[in-house]
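In the two assemblies presented below, chain A is common to both, partnered first by chain B and then by chain C.
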Partner chain A sequence: MADTSTARNRIAWIVLAVLVLGAVAFSLWPRPGADSVAGRTRSLAREFRCVDCEGLSVADSQTASARAARVEIRRRLEAGESEAEVRAYFVDLYGESVLLKPEGTGIGLVVWALPVVAVILAGAGIVVAVRRGRRTPRLRATDEDEALVARALGAEHGTDDRADDGDER
Partner chain B sequence: MRVRVRAVAVGVAVVLVGLAVVLALNVGRDPRADANRSQLLGQPSPTYDLETLDGAPVSDESQIGRTVVVNFWNSWCIPCEQEHDALVAWWAANRDDDAVTMLGIVREDTRRAVERYVRDEDVTWPVAMDPGGRAALAFGTRGQPETYVISPSGVVVASQYGPVTVANLDDMVAAAERVG
Partner chain C sequence: MESAIGVLAIAIGAGASIVGIASLLLGLRRSDDRLLATGRRCVLAVLLASILAVGVMEWALITHDFSIRYVAENNARSTPLLFTVTGLWAALEGSILLWVLILAVYIALTVRHFRDRASEPLVVWATIVMLGVSLFFFLLVLGPANPFELTPGGAPVDGRGPNPLLQNHPLMAFHPPMLYLGYVGFTVPFAFAMASLITGSVGEGWLADTRRTTLVAWGFLSLGIVLGAWWSYEVLGWGGYWAWDPVENASLLPWLTATAFIHSVMVQERRAMLRVWNLSLVIATFCLTILGTFLTRSGVVNSVHAFSQSSIGGWLLAFLALSAGSGLALIAWRGDRLRAPGRIDSALSREAFFLGNNLLFVAFAFVVLLGTVFPLIAEAVQGTQLSVGEPYFDRMTVPLGLALLFLMAVAPVLPWRAASGEVLRRRLLVPAWIGGALFVATLVFLARSLPTALAFGLGAFTISAIVQETWRTVRARSRADAVGRGRAAWRTLASNPRRYGGLTVHIGVVCIAVAIAASNTFATKAEIRLRRDASVTVDGYRFTYEGSRTTRSAQKTTVSADVRIERGDRDLGTYAPSVSTFPNSNQAIGTPSVRTGLTTDVYLTLVSSPNARGRITLGVSVFPLVVWIWIGGALIGLGTAVALVPARTRRVLPESTPAPVEEPV
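Showing the complex of A and B:
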């Protein structure tokens, strides 16, 4: 019985691990066309904030300034500039606030590090909890315990019987 | 086991204290403060090569040697209407000064609407359309009106987001003339 339960637990963990790894691999898998100029333009345009609209990227906005920015990104990529150079051009022009994703330096580092730290702490917490659960000794009832329970149950039944008799009178 | 739990607790506490310190150091710091100030100040003028409504070519190179007030505007923006009288007054006082000039660059508007506005509202300084918004992008504009002042040597010395006044314009032009 215990072996079956352990085997089930293992299978559940394996399935969970496969699902998590599969999801990570799927998200990281390169999409078709991502290396084309159009794909790189779309990808970069998603990184920049539309400067004259709220909460939209250059890729999502239809304002004239967003269209001009998309054209400029494409023009620069076609001219042979790298993504980093295009990014630097927009940051020089508008400041770091043009980036929708915070940079991995300064206060921006906290934004990136916080989820990682949270996951590590949560993992550590789960490991500690599981180990503590395993180390808690499983108590088996001794003959003496069972006799004690039997006596207590017997006494309880006896009391109930007497109560029933009393009701009849 | 108790030691391990304590170690985890200490770890969590250290991380939380670290975060608290970082957040405390950054309270009051606006992460988008750079959106309130042009990044071009002190930089060479962006390149622009446009055509005025009269068909005359105008570019950054053609205006070297003069202080240039570049005003991004359009016919439908209310703040542009609010600054219009100041632009008219400033231009009336300076149009005969060969050392300075003003160029209106249209941001996100149609030629027909702009021509009607120019005719009806007595806009007598040069105005150029900006096909594809390339000049607006090169100046890093975020909206309109926005005004930039370029020194005779071709450096962006001042900028103003929102409506200008005559006093603003005089101050910015004076700064440009000091830079030379």
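Showing the complex of A and C:
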């Protein structure tokens, strides 16, 4: 009885995993036909800083220069330029600070790589610390402790089920 | 006259801080209770002095006393009363004054709370540290950020009035004070952390002592951030609520480390582990509030929210260095006492998941900090001008946020120490299926966007896990106590408000995550030009331009366009996006008009007023689920309040330091 329910549980998890992975594969499958120019314009416009307002992208700002920039992006994409070429055009015009997403070269690499490296190192550090903590037992029960536990167990029999209870009362 | 009283009040406050620190130090050394009592009375003096200073400033604002420069610059005779009162936090000097007042209130409440333990070294030292912080802020308003400075050349006939953006929406009355209540509140846990290091009582005592204050500060900061997003959405009119602007980042940074702390603190209470880590988080949180103030007030980074700049940058930087340096030095000095007696038994345990949570939150904070200061670093190192904006933050933080959502789904179900994989598989099956189904459905039917589908799926996973887990507990309680479900639910909540308050906060966070994902993925934005009585349909909504009005007041001149919104044959009402011009600014300020709905917001902006031929240009956006961000914020506030309620039945475990543990053999 317990075995069949365990097996059923396992099957349910496997089916779920297959479904989720299938959906992921479906979403990553290349779609027929490229994105629309409007969609590409919008996503590219988000990458450029509006040059005459603080902190907003060309996509979000309504100033005249942002408007002109959106038109320019669209025109260039329609003329068949690639995203990289449009980016290069804006960088030539306004300097590298027009990109809200620094390029992953030169000093810009730092802002991308540093957090990733730090997370990997910290994660590894935690794993190592936990492993080491587990290898070296810090507590050793003395005879006195054992006697105490035996007495306590004798007095009160197995009422503590807290370890299995998600509720932290 | 008022200026003199104000400066005097500040000077008294600074003096009382110094006398308080000195008499507490002496009282501690000589074990002299009378000196300690004098020190405590100084706290009262600090409070009264700051109330007086703020009162004088408000009086000066309300009576339009333009002989004070701050009033002349942030108030005008035409400023409405509400924005006259909020003028206190419309610029740097007044904001620091508000900071001083809130800090004094926190110190006074803390000292009052601990009046029965007033001669305990931990409490005395904490008071000394808090008075030290207040001394610093008093010196700021006495020196570089003096709000009572006189107007050079005498009082003008009229003042300049607050920045147009700051006199445009009533949220201005709530958002900044909430933020400050959060920011400043972290001074208390910081002071107790420092005190525990100084006195060497580095056990769990200081955690229990400051748990509530930390939660209060955290709750206010959360509300402040959400209200800030709301303000941005309702006032700035670009259609968003979060732009990864330096000022927004500055408020998010301490929130992230404080959230990490609120979680990891439970590990220390329960297992006596992570002592150094928790002390570091508290000290980091305090330092980040100072760093945030430095970044946004010193003018080193540009921001839409930074409404003033001054020379206090150097002061803040020095204070930041002092706080961080002394914190680190104290931790190093007490290193031997901080060794943790506990250990992690299993990766499938709540404490292990809390560690994961902490790693992610700190990584999140690191990304936000790095992105915010990186342009400065790049310019200092290479002299190159770089920008770091939304695309960077989105790319880096979305994976972290999704991983946090996953932990949020699983961790509350996990027991301490170790779980059996078997039990976990059983408990999580139904929630995982609900989440998985929504994930698959989103990808197949709604959008081929993995992050969005993950946010929806993990959100559903989290909420159903919480509901199932709570239901299980209530049912068990109902059986054990032989009472009805309703009463059992009440008893479950009352027995552990901290847990259920926390879970309520989690549900609020899920609401916000789902709303952010939905409003980013499924938004429609368009610009339409309309003649009078003409209409255009966007995304199923019909917009009809019904005419425009111009209203003039001394405060501003507003042009608004009446636009009727219809969906199908349902009339959703007339909305009036507007553009205002203020006499003190040559920039026109647009005010959006938002039709808020439970599923969809329709967001209108007036891009250009009627031209010669009577045509207007409207910005029209349709955002799904945005209102759930504000609902989520309210849930976070509610959950925090619930978590502050003391449990009805006392915990079985004592809250004091666990029994000393033998050194490793």
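Things worth noting here:
Rule of thumb we're sticking to: the second predicted complex is superposed on the first by the 103 of 169 C-alpha atoms of A that agree within 3 Å, B and C clash if a C-alpha of one lies under 4 Å from a C-alpha of the other, contacts with A are read in each partner's own complex, and residues count from 1 in each chain.
Heads up, the rule we're going with is that a contact is a pair of C-beta atoms (placed from the backbone, for glycine too) under 8 Å apart; a residue touches a chain by one contact, two chains touch by 3 or more.
All figures in this text were calculated on a predicted structure; none of them were measured in a lab.
In the overlay built on the shared chain, the residue A:Glu72 is in contact with chain B alone; chain C does not reach it.
Of the two partner chains placed by the overlay, only chain B lies in contact with A:Ala64; chain C stays clear of it. In the overlay built on the shared chain, the residue A:Ser97 is in contact with chain B and with chain C.
Between chain B and chain C, it is C that contacts the larger number of residues in chain A. In the superposition on chain A, A:Leu121 makes contact with chain B only, not with chain C. Touch criterion met: A:Gly55 reaches chain C, while chain B stays clear of it.
Legend: residue contacts after superposition of the two complexes on their common chain; A:Val24 is shown touching chain C, with no touch to chain B.
Contacts of chain A with chain B, set against its contacts with chain C after fitting on chain A, overlap at residues 95-97, 107, 110, 114.
Those residues of chain A lying in contact with chain C across their complex are 6, 9-10, 12-13, 16, 19-20, 22-24, 26-28, 31, 46-47, 49, 54-57, 60-62, 95-102, 106-108, 110-112, 114-115, 118-119, 122-123, 126, 130, 133-134, 136-140, 162-169.
Those residues of chain B that touch chain A in the complex are listed here as 1, 4-5, 8, 11-12, 15, 19, 22-23, 26, 29, 31-35, 37, 39-40, 107-108, 132-134, 136-137, 140-143. Only residues 238-240, 243-246, 270, 302-304, 341, 343-345, 347, 352, 355, 359, 362-363, 366-367, 370-371, 374-375, 377-378, 381-382, 384-392, 395-396, 412-418, 422-423, 425-427, 429, 432-433, 436, 439-440, 443-444, 448-450, 453, 469, 472-473, 492, 495-496, 499, 590, 605, 607, 619, 649, 651-652, 661-662, 664-665 of chain C touch chain A when the two sit together in their complex. Taken in their complex, chain A has these residues touching chain B: 51-52, 63-65, 67-69, 71-72, 92-97, 107, 110, 114, 117, 121, 124-125, 128, 131-132, 135.
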